[in-house]
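Below are structures written as structure tokens.
What follows is a pair of complexes built around chain A, which joins chain B in one and chain C in the other.
Up next, the complex of A and B:
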């Protein structure tokens, strides 16, 4: 039978099978010896955080917030402008392309030209976020009711129609979504510290990498505190003040040296063989073939395996965790605890989870899969759980497991699936930062190219990543429209 | 609504104009330097501000230290003239001199011409310390440090390839990049990886600080010596700071005898160095395909 439910079942089946196949192919053996000592040091670090061990912690916080506020603001405005032209395929492809590149890689690219500067931090966030905002706002506008606009007299000019009959329908959603993005941007801004920008991630990554767990724990608590308290310190009415403060703290200036841009465009990103004086086409093809054989194909393969396995685990984790915060289950206290747990899981940087899992399980793909799945699973669980709050069940609805399986799950399953499909391309992008495990995803090779100062290779590899992301995004969009899953005015990371 | 909007606009415009007009012109030239983040990173500012103060006094100009996150970031900053002087590792140093024509090595630590890496192994592997290349490491899991580290990656990989005639991926069951010498110790000590390679200095320091459990992890091999860390200066500093500036910097480094400052590196003292001293590193990097 070709019912809606059968469509969901088929999609779930295929995604599940793909995930199982990936897990089967993936290297997930467990080799543990004695992680006890290191885990002991980690936990004692978390029990005795040292807030004074990190130099310049205040200025790191300032930069973290400044980049986030500036980046979201610029992304919001330019994303909105892009969304106005959403019906053009070119614009959609452009938005998809700029958001397919991880913030870290945007940062590494701008680092080559603008140096370690506030402008690098701002653009690294604003550019991918423009693409994300464009997509979400574009879909908001597409899904908004057209009746008010059609009801206006045909003589009204397009601008007035938009301002009075289109924008008001989506403005509230746009604001809510913008505020949600700010949380993501604070996290992204912190993570930009991993490549050297002076945000909190700079010190966080250093502390954990060097086994300085007390100062690492302090930084993590601080970071969690900021994220958890966003709704108190950030209100839309205060936005101008925050923007002003951010501009004063980190004026978006470049650390630019004469000729860096032209050198970047005419030398750095030109493939190595083409930089010789009398180069020939076959040298370029050899170079590309070498890259494809040694890095792109294995990188794509591992990214797909890791991504699909993580996708399956994400689904399972989300289905297990969402009741923790759902008002259909538990009581006030269990939900508060559940919220806390989910926030922690979705805020902890994946590399940190991965590091702990490597100690516990040994090096294989498993720590990477788990780290990604726990992080994304917590997000999907949060969104699905929040969605259940809008359900009204009959007062005589069954409780416990029956309530879960026969009342709640069937009602939220379409939304759960939509959230999961939305996260798909993001999971693929996030596989990039798990290089510590020596898992040779595409991101691993991009990182290698940057550390070998081979921007030309990095650019080709990033382009391959973009292609994969566009493909995944396309499949996900088709599946969603086939299953008639709508945006639900919800999430994107 | 309108009043609030106006107020917001006023605040924003003021902020923009202050941000745009804040002083950006530098009257006196400032020498900016950096160092690769190889160890004890939490205290980078404290450690290298001492060096900045010393150089500032010796050269009688303002000297500033900026911290960088990675080896490649320090090379990029040097290339973009964000920094004019840098304390590089062997590999990052030759990357820098190759990318910036006219730049050259001026000094190195007295220890640096004879730097070594340690191969370490988890006790459960049963691997024993040996004089020659260690037997029985093939087929095990292995972790390097940072991808651009000389002692944590380049030279260990060179000796591995020399011994086995194949790549690390073919020698070992798994190859990881811990990203850091300290992380290499932590990962081998916990048994996550069976064997690893790192800078002898970091191992000695962590052993002295009691962070290493000798029952769990031990040194099984000391590599042959190779040249490593050195100071590199841009050739165009002479135009900015005057004739003979590079020599003044070199002399200031060679004259350095303040224990407290030297311990920032840590080095016993500095001795002269030239680009030729690091040709072996350049050759090695090329033979491993890490440089063109």
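Up next, the complex of A and C:
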């Protein structure tokens, strides 16, 4: 077949086969004794939320928002500075590396130096976000029209040219993207509670672990409410006010003990065998081989298996759900219902969903696959569904399944694939941190290394995670350019 | 077959044709002429709505699915004749029976060697043959077509249009080529400034008579 559709089919076939293989070898057992009963208890908790059970609920909210606002602001500024130097390969590699490490892993690292403190919360968000902003802003500037700058007199100084003829072209996009990132940062900030920072996640974890589902549900509703109402309480013009409030509430101070930083840099992260006075190279290689055999390879393998299985399920869920919100199908009421469903799964972070599913089903890969697939599937369904609204079908186009298979799906498939492939890297990043919940992905070994105070191992494991992420990113980019899919990056919100 | 009594046709809230009186009998082969924007497409759409189940439809916009093959695009004319599951199977793996039927039609239209090529890799003329193919494959008695052969070269345009007209009992076709209209159709309707200004048998009209449609006021 010499058709464009057959190219999409081939890619789908290979991704699907990889996903099926992963699903086949994945451990998807249910290890809890009575998940049905637990589900019943959780459901009744959600029907009777108790908003007054958690003390410090206000302070948890304050910290969640403070870390998010400060982190995004710092990330925005430093990401912009990095974007100015985007043509340098070094800068691009640096940005790719810092964004390949998940916020939670940055949090665990800074915890070793700055303790449980506002500075840890701020940096855990700001650093990976700098990398993300750098990439997005760098690409905005690359794609922006150069003609206005070239039209200026050649003697104008570079700074003025940038200010007058480059920045205005991308400023609106930067603002929009920044606002979208704030929403992500509120999610990330909440999740940081799972490693001990005093945000909503901390109280959520406590409530759910104690089986106090009524107060857990209340926290979850509150969290949903904050994120869904973001466009009303956050406006760019109010940003200075928000920054001031965030700094007042959680001044970025460290809980720092004398010499912690130098000890971290000169001792903790030095591989254990190298800390002896008369160490030899073979000891280091033995140590690395041991680490590779016992932790890196199983961790990476499980991350890859869970990630690919989740990728397949994400695709299936997205293809099933997008008609719910598409104006090509259904009626006003079915679309409203569809939007409601997708909004909930888009808003709840995959980590949080996985946490609840682990409580229900036990720490196999099943809760991880479900959580990632539901969250990412809802996002891809939302983006694809929204794209179908721009299609004009001929007036005698058929309805129902015929319309779906012949008219709509072939037309949106390139966009669907672009959204999905772009999400691949994010799925892998999120898969790694699910280890913190006891699922044996890379994060499981990283979390264990930190709790055994073996920072040296944790750093090597994080580096392995970075390598996996860069690899996936590279494959995804090559696939997209091979299929001539446009970069969906700026359309993620 | 079709009838309008003092109808006013609008497109996106703007009146295109005013107090329209028109009757088209079964068996007529009608050409619609007029400058672009005269209301040909709007009139065709209104005709389609009068007999939605009788009409083989060949529009200008959104007519084909670009990434699907010529085979599938032609087959789409037959979607309503089969169960959705049958259609789905045929989409994933073309069924021999359908392949044979479509191949025969494609050969008559001169695109049989492109059957497995997707429409976005075809020339404009080839895409138009495919769109016409879909209309023919829907096997309905009334052809309503909007500039179905505008990108096909002059020589082939006439034989292609003749073929399409011969397969239908009744036809209304919007055209811009006056000679083609006179050669192929037996009735000419000319639209100008929201009105029907010419309506007559084509053997009573000359190419010169049609000039007023294209003259500026």
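Throughout what follows, the second predicted complex is superposed on the first by the 434 of 493 C-alpha atoms of A that agree within 3 Å, B and C clash if a C-alpha of one lies under 4 Å from a C-alpha of the other, contacts with A are read in each partner's own complex, and residues count from 1 in each chain.
Note that in this section a contact is a pair of C-beta atoms (placed from the backbone, for glycine too) under 8 Å apart; a residue touches a chain by one contact, two chains touch by 3 or more.
Since this is a predicted model, take the numbers as computed values, not measurements.
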* Just chain B (first), just chain C (second), both, or neither: which does A:364 touch? -> first
* Structure fact -> Between chain B and chain C, the one with more contact residues on chain A is chain B
* May I ask you to decide whether A:402 touches chain B, chain C, both, or neither, giving the answer as first, second, both or neither? => second
* With the two complexes superposed on chain A, say which partner A:265 touches: chain B (first), chain C (second), both, or neither. => neither
* Report for A:475: first if it touches chain B alone, second if chain C alone, otherwise both or neither. => neither
* Once the structures are superposed on A, label A:47 by its partner contacts, choosing first (chain B), second (chain C), both or neither. => neither
* Asked: Both chain B and chain C touch chain A; at which residues?
  -> none
* Okay, in this complex, where on chain B does chain A touch? -> 4, 7-9, 11-12, 14-16, 18-20, 22, 24, 37, 39-46, 66-73, 75-77, 80-82, 95, 99, 122, 124, 141, 143, 146-148, 174-180, 182-183, 185-187, 189-193, 211, 213, 216, 290-292
* To do: Sort out for me which residues of chain A touch chain B in the complex.
  => 31-35, 37-39, 53-56, 111-112, 115-116, 193-196, 202-203, 205-207, 209-212, 215, 237, 239-241, 243-245, 247-248, 251-253, 255, 257, 260, 272, 358-359, 362-364, 435-438, 447-448, 450-454
* Asked: Okay, in this complex, where on chain A does chain C touch?
  -> 1-6, 8, 391-398, 400-402, 405-407, 410-411, 413-414
* Touching chain A in the complex: which residues of chain C? -> 45, 48, 52, 55, 57, 59, 61-63, 65-69, 72, 76, 79-80, 84-85, 87-88, 91, 116-118, 120-121
